[in-house]
Structure formats: structure tokens, C-alpha cells
Amino acid sequence: MQYVENFKSIIDRYNIIFFDSFGVIKTYFGLVPGIENTFTYLEAQKKEYYIVTNDASRSPAQLAEGFHQMGLNMISANRIVSSGMLTKECLDLKVKDGIVAYLGTANSAHYIETSGLHTLPVSQVNDGNIDLVNALIFLDDEGFNWFADLNKAVNILRKRTIPAIVANTDYAYPLSVNDVSIAIGGLASMIESIVGKEFIRFGKPDSQMFMFAYDLIREYRSVSKKEIVMVGDTLHTDILGGNKFGLDTVLVLTGNTLPADAEIKITTTGIVPTYICATAAAGLDELAL
Amino acid sequence: MQYVENFKSIIDRYNIIFFDSFGVIKTYFGLVPGIENTFTYLEAQKKEYYIVTNDASRSPAQLAEGFHQMGLNMISANRIVSSGMLTKECLDLKVKDGIVAYLGTANSAHYIETSGLHTLPVSQVNDGNIDLVNALIFLDDEGFNWFADLNKAVNILRKRTIPAIVANTDYAYPLSVNDVSIAIGGLASMIESIVGKEFIRFGKPDSQMFMFAYDLIREYRSVSKKEIVMVGDTLHTDILGGNKFGLDTVLVLTGNTLPADAEIKITTTGIVPTYICATAAAGLDELAL
Amino acid sequence: MQYVENFKSIIDRYNIIFFDSFGVIKTYFGLVPGIENTFTYLEAQKKEYYIVTNDASRSPAQLAEGFHQMGLNMISANRIVSSGMLTKECLDLKVKDGIVAYLGTANSAHYIETSGLHTLPVSQVNDGNIDLVNALIFLDDEGFNWFADLNKAVNILRKRTIPAIVANTDYAYPLSVNDVSIAIGGLASMIESIVGKEFIRFGKPDSQMFMFAYDLIREYRSVSKKEIVMVGDTLHTDILGGNKFGLDTVLVLTGNTLPADAEIKITTTGIVPTYICATAAAGLDELAL
Amino acid sequence: MQYVENFKSIIDRYNIIFFDSFGVIKTYFGLVPGIENTFTYLEAQKKEYYIVTNDASRSPAQLAEGFHQMGLNMISANRIVSSGMLTKECLDLKVKDGIVAYLGTANSAHYIETSGLHTLPVSQVNDGNIDLVNALIFLDDEGFNWFADLNKAVNILRKRTIPAIVANTDYAYPLSVNDVSIAIGGLASMIESIVGKEFIRFGKPDSQMFMFAYDLIREYRSVSKKEIVMVGDTLHTDILGGNKFGLDTVLVLTGNTLPADAEIKITTTGIVPTYICATAAAGLDELAL
């Protein structure tokens, strides 16, 4: 484990950078101060980068649009790998026809929709169409009535032997400096323990997220895992997942892991990043673009 | 393990009978057919009995009133031991003053209220009173807005280092022949895993439920555990808890455990009742009162 | 939560003191310095006390003998409540005949032996006697061959539908300042997850331990839980269990919880003792016996 | 879910077959009867196949040699993907120097050894070399003293903040018709819960196993997941993992899942194979090679 002063030196050592989004590029206050320098430097150095995020609430195009509105215009949709994309791929390959019931916003479901499959909010499943439901997917914690629809999801899964897919492994997410919100991953785990079935989960630290980004690169050029570094703010998703996939890893301290807690958390969990760096924002004065 | 034809023979063998309520005395259809014979016979034989239930949604008086409305007039409030009563005792002993925030109906909280403590729905906790909140209790899955108040409960427990008490260990409960409903115990477990703190739980199979009923008897006479039998429909609450407390146990097949599944469930879980009996309703023709 | 300078003031406030053993009265170095003052003061003040310990490796008589050899002559066997005693009571009440197979030393099994039951090390179970095995108990991590006998225990429990009783809830115990040892509770949990059955566990934080001690007192006099305080070095056994049973609790810092970690551990776990005191050794100069 | 009479029709539908080893190709009795027909037919049809196995006890060359000794001469080492290979890759990428301590046979460690790394049995770690230990790996349940070395592994992981890698996710494995044996995955989980750190695990159902096999193919030709079918006897490893990776799946009934239990297990777990086939042995009379 090595402390790095300026994130610029990380960029200099690798050809490809994978970034987590929340806590690394942005927080609930807006962009991480100076993060635009990092992307300017990446473009100047012609380094590749990808945003690898446990976010299935919106499509890559919408996630990119969100960055643009904050002033990060260079991040395009094809740079973004989300757990929602893996859910979509799994449905494409494994569910041939019928209805995919979902918990989430209409927006999150719109993106998942594929030829031949009809998406339907859990609230609209009834005795007349339940036999056509061939998958149930957990997309977002918003867009439905928790009391009515979580109970309905339990009963759909007790009646239908179908895959249940969770497009976000997080149990909670930060809402403000002081508050967190229960994430769809937490709700899905509760339902999983009640119905006693095994759900399929997509999201870091699972390797399939990293493999998806890795494959995007391999479509146009050959690559070695040694060229890639994963940058994240959370030990048990970004760093554990990156380590397991065989990547070097950088822990930044602008999000989930506070500067005062980093060392103790690393020792307690045994999850060791290759580097620790205060921020993913490249130091200004030394940029000399 | 011994099969028993007529529940009457169980009553003949013990001085005191502990009954689970749902699945043993009543179901979503009403009373278990013939169960009134059991209580008539118990009274005729001057045998003692207690209802030991994981139900904190209502007071013992209201639970007794529920039996009366179904026609079981002999069951009085002092025969009922609920997980809500243990929650109330714990608050009495451990929380000296301030506010007890709760998730549940106003009705469930009314019963818990004790001198010196003020109960307040989680929805009414705010920046002005949060520092006075000295306990958070999980009473019932109804009576609050799941989205708003489950999220609020998470954040109260992140900000306040206070006991969180769960008055029901069940994860789900039956709503009809086909449907179940998520119980407050399931919601509490999700919140426990999100906030990473250890909650206090009351309810079968925990020994404290059985001890509470046992102590009610010992207040007026001496008693041995060998005089008591626990009757239940669920292996991992009623039977496991009864076995651990040192009681003989009867599994009945009118509720959670279907006749076709009983043997396989016993083998799979390793939870072995002393007896299996189709129903807790004493056989009519042989009653000869 | 209140900081207390001198443990003497705790003794002055309660009629009955429950002590954990390891980390409170003794450590791997020997007695906690000055602890003999505490017991001298207790006797002088005619206060009652009990040692409540998750130790099933020896009988109460042997545990008392251990204290005597260290110089604490006043602690007699009838002051000791161990998880082994609950295991013995459970066997007395629930297992009528046959063989009780065990993992542990011959010494630990000798104490458990009761009229009508024959104890046998797991290593001596074979095709000729396996059908007579009516319980399997986990007593101690020593006294058997881990490879041969843990595997044998798994297969006995797959073949026989019998109660499995764990006489120690701890996963590990301290061996020296630097090293811990895997406890029988940890080995039992591994086997439980492999065979998929539900084991019966005795030991703090489970209420049955506290109830057993409480009942010893009630055999000769009436008592209220408000008269008792539980003293321990471990939040999730001594303090959580004491709180749940409705007792006031004291966290001491001579064992499992280091002075530097106490506050953060209390905040993280949400397990709050009534008092924190550096040691259970009563301050010498202020004793003024 | 579709029942298939003759495994030959599965081969006809796909270009590439992934096989689990134990329970599919062989059992403790030897080869699954008729399985050689399957491999003869695969070769005749010029279909590709891979053996994907949670076995880190031996190298691919040794695993292949095992098949040859049973008479399956066509299975070469480069057809075998084991969880040990992923462990080796992870060490290559993430551990630059020092000692890799291991639990397992010398044989299992020999294969893992890579340039620059020195493997050492846990038993030989001591005060003089512990500071050089940069990873601890769990390879096999044999080859070490369980009591001494499991305890030592716990203490190494408490003292060193290093990756712990488990090369087998199974908790137990079949030893004979009647007996199972605790697997290194079960021992590792016990140690993980005692030290409270997060281990890295390789093996089905984790996607990285399937990806590794998938990448072997992509090294010499392009391939779609739709061309591949995964054949296994265990729902929660072979079938769950195959489904999640996006492959079609076949459950065979010659191993872990008995014919009488297949439907109930599928309903209970919610893990649904694309096909069910009694055996992976292609029907003889219809082969007509």
C-alpha cells in the first residue's frame, strides 16, 4: 500500500482508468472539486477511462447527461458501465418471452426493455397476467409504493418459479452529509430471505461488472489487466472487486471512506488497495498541460 | 417422536399447556374447527393454559377480545403472553426517560406506554426532538408510511446510540391461503443490517418468552418444566424454543407445517417435537365431558 | 452511560453482582490486579455475587478450584453459572435414554453425564452404536482429533435426526496477548451450516444464562432485576445479554474491549452499558473496610 | 424448463459444452456409466468442450491424468478450468513478492507457485518469517494438521493485513454414497467469520470461473454466449452460475440432485435450468456415429 500525493501520477502509470461515480467524481454537493482537471488530463494524454457504477436507475445516456449538466461534458454514454447494463444482457440471454415485472421507476424499466419482452410494474401484476411473468427485477428504490408492492413482489416470487434479478448490490446510498437512504439492494435482500430463493445480483464487487468493462475494451484492441487501475471510495465494492478481478486499485477519500478511518478500515476488513490518494482530482499546479 | 391421534391425550398427560395462537387456535378462516372442545376440556379438567404469541400489534386485553369475538369466551387477558409484553418490561427496566420512537400502529404503542416515557411515531421525530429519543421499537408492519418512516428509522439509529427493540421475530405472516405479508421482524432485520448495530429481539424461539410465561405460574405456585407442554405449528419458533427451554413439545398440522411436509421438515431442520398431532382440537366423540 | 472511577461505588448501588470470568476476574496473566479486594468487599458488605461464564470445558467445582489456585479462595462452586450447566439441564429434561455423543475432553463430558444417559466421544461412534445416539453435544475445542472427529460429527448429524447442543456461543477465545484460539462455538457453527440443521445454543448473550442465575437466587429469596448488575468485558455477550434480560450493566476495560476502543465500539454496535469502569478491582485506598 | 431424453440432442443444439466434473462425468464409483459415448460423440461432431470444476487440490495436468486413468483418454489438460487456476492468476497479478502461506497438500501448492513467490505451508510460518507473508491461500482440506494449522491461520490473518484467497467455494464434498467431508471452503468461512475480514473466493457460481473458460475460447476464435451450454448436477453452483453468466443450462441427475428431489429443489430455490436430463451420458443405440 502506497500513499500518492497527486492523482496525476496514477494516470501516468496506467493506460486505462476505471472510476466509480458517486464519492469519486461527484458527491451530493456536486462535482468533486478539481475533478474536471483529471478528465482534461486523461484526454490530453489519450488515456482511456470508464465509469463503472452500481446504478440501475437510469440508462447510460441519462447518466452521461447528468455529468454534462454538472459541467463534465467529455464523459459520453459509451464510457459508462452500469449494473443495469448487466441486467439487460441477462434478460436478453435468458428470458425469451412474456412479462418482466419490476420494482423501480418507469424510467429505469424503459432502458431494460428488449425486443420480445414486455416490462410491467409489480403493481400491475394481477391474477390475469401473473402466469406470463417470467422474471422479476429490482431496479430502483423509487417509483413504487413500498408497502403494497414489496408485499406483492414477495407473493409473486412465492407463486412463480422465475429468476429474480437485483440490478444493484448496495444496501444503502448517501442522500446528504447526514442521511442515507435504503437502496433497492437492501429491499431485495429482505425479500430474498423471506421467500428463501436465490436471487441473481449484478454490481461491484462482483467480477461480472469489471469483465463487462474489460470486454468493451477488448472489442477494439487487446489489453492486459496490468494496464488498468480501478479508482473507488468504497473498500468492499470498488477495491475488493478490483483486487479480485486482478486490477491495481486506488482508494480515494472523497466519499464513503473518511481520511481518519481509512487505515483502520483497511486493517479491519483486510481489503488492501494498491494506492491511497486523497482525491481523484489531479493537482492543478502540477498539471502543466 | 410419537404420533398422537386425539389431542385429549396430550391434555391428560400434562398439567399446563402453552399454545401458540395463529395456526394452532385460529387461522385466516377463523377458529380451528373444534378448538373450543379443547378449552372446554381444559377447564373441566382444571388444567392451566397460556397463549404464547409473537404478536406485539395489540395488548393482551385486545388479543383476548379477539378470541371472544370468535366465540372463545374463556380465554382471558391474563392467559396471554406476547412478545409485546417483553418489550414493555424491557423499556420499564432499561429506559428511564425521554421519547420512545416506534414503528407500528398508535394502538400497538399505546399498550407499550409506561410512566415517565413518551411514545412517538417515527414520523414525528425531527431535529428538535431527536436528542430526546432514547429507544426505537419495532411493533407492527402497519400504521406508518414504509418509504418515509423506514428510511427515517435508519437515520435515527445512525445518529443516536440507543437500544433498538424488535417486538416480533417473525419475518412474514400468512394473510390468506395464498398470500403472506412482510412482518415487522423482517423490516427490522433489513434495517439492522444497514445500520450495522445489534438489535434486541423478543419472541419465540427465544427463551425469554417461555420464561415469562413460566414466571407467571411461579408467582402463585411452584412448578416443574416436566409439567408443561408447548403446542405449536412452526418448527423453528414454537418447537425449537420449547425444546431449548426444556419443555415437551407438540407439532400440530393446522398451520405453517402441512401434513405432507412434516416429516421431511423435521429431518431437514433437525428440530424434533415430542409429539405430532393433526390438530389441537380435542376429538369430539371421545370427549365424554 | 456513566463513567465510574471506583468499582466500589458499583457494589454500593446493587445487592447482587453478576461477573463474567475471563477478562473481568482473570486474564491469561493471572488474576486482574486488585480483584481480590472486590471479593473481600463483597463479603464484608454481605452482597451476593455470581460468576456467569460461557465455559463448558469444566464443572463448576473445577472452575472454582481454578480460582482457588490463583488465590481467590472465597469463590465456591455454587457461585458459578456456566453454559455447561444449561446443557446438562437440557439433556436431563429432553433426552430420555441412549448415547450422548460429544466433542470435547473426557473431563467436560464427565460433568454432563446424567442418570440414564451414556456419554461417548464422537470418535467412538460406529455403525454398531450410531442408532443409539440421541444427542450430539459440543463442549470443548480440545480432547479430540479435529480432522477425524469434526468430519464424523457432520456425518452423524446427517444420519440421525437428533438435537445438537452447543455449550459455548463464543467463536474464539484469547490464548495470550497476541493469539486467539478457535472455540467450540466456531467449530459448531461451521458444522451447522454444512448440515443445514438448527442447533441449540447455550451461553451469553442468550437470556437463558441470566435466567439460570436469577433462578438460583429466587430459590431462597424474592428478588427484583433492579437489584442486579452484570459486569463484563465484552459488549455483544455480557452487555447485550444483560441489557436484554433487563439488568443494569458495567463494561470493564481489562479484557476484550480496550480503553481506546470502548466508545467507538459502543457507537458502532449500539450496545450501551449503564456504566463504564476501568476495572472490576475495587480501589484499594478508598476501600476502608 | 424442458425435459430431454437423450443428452445427444443437447450436443446437437450447441457448439460448446461446459461440464462440471464430479456428479456429471464421474462419481465416487468411477465414471458415470456411458459417459465415454458423450465424449466420443463430441469429438466426432467436432464440438468443443471444457470441464469447469471447483477443484484446487491438483493441477489441470493431474486432473486430466485422473480422467485418463479412468479410461477417458481424450480429456486433455487444456480442456480443464479449475478454481485453482483463478487463484494462480490472482497471485500472479496482485502479489509481487514474499511468501504465500497455504493450507493444503504440497501438491496443491506446487501448481500455484509462480516466479518471484515462495509458497510455504502455514505450519512453517513463524516469528522470523511472518512479516514476509503477503497472502494466505486455502487450497485443500488435506495435507495439514487441522487443530494446529487452522488456529495458526487465524492468528496470521489477525497479525498481517494481506489478501486471503479461497480456491474452492464448496463447504463439503461427497466421500461415498453415505458420507461427506468438510471442504476447505467450509473451513475458510469459519476462519473468515472469526477474523472478521473479507476473503476473496474463486469457484462456481461466481462468474469469474465461467469467464475464464469463455476467454480460453476467445483467444482463438470469436464466440457468443448463445453457443454455450453449462451441464451440472448442483443447482446453486453450476446452474445458478451458468444462468447468471447468461448461458443455457442442463441439470443432470447423476450427482448432487436426486431424481426424486429435482422439481422440489428447483421450486424451493428458484434456480431454474433450461433443461433437465437424467444423465450427461449420450444414449448408446441412438448414437449412430
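In this document, chain identifiers A, B, C and D correspond to the written order of the chains, with residue numbering beginning at 1 in each.
Throughout what follows, contacts are C-beta pairs under 8 Å (C-beta built on N, C-alpha and C of every residue); 3 or more make two chains touch, one makes a residue touch a chain.
Because the structure is predicted, anything quoted here is derived from the model rather than measured.
Taking each chain's centre as the average of its CA atoms, subunit A and subunit C sit 45 Å apart. Distance between subunit C and subunit D, defined via averaged C-alpha coordinates, is recorded as 41 Å. Counting partners per residue, subunit B has no residue that reaches two or more other chains. Taken pairwise by the contact criterion, the protein chains form one closed cycle in which every chain touches exactly two others.
Pairwise, the chains that touch each other are A-B, A-D, B-C, C-D. Interface of subunit B with subunit A (complex): residues 145-147, 150-151, 154-155, 158-159, 171-172, 178-182, 186-187, 189-191, 193-194.
Of all residues in subunit B, only 89-90, 92-94, 157, 161-164, 195-200, 206-208, 211, 225-226, 236, 240, 243-247, 266-272 touch subunit C in the complex they form.
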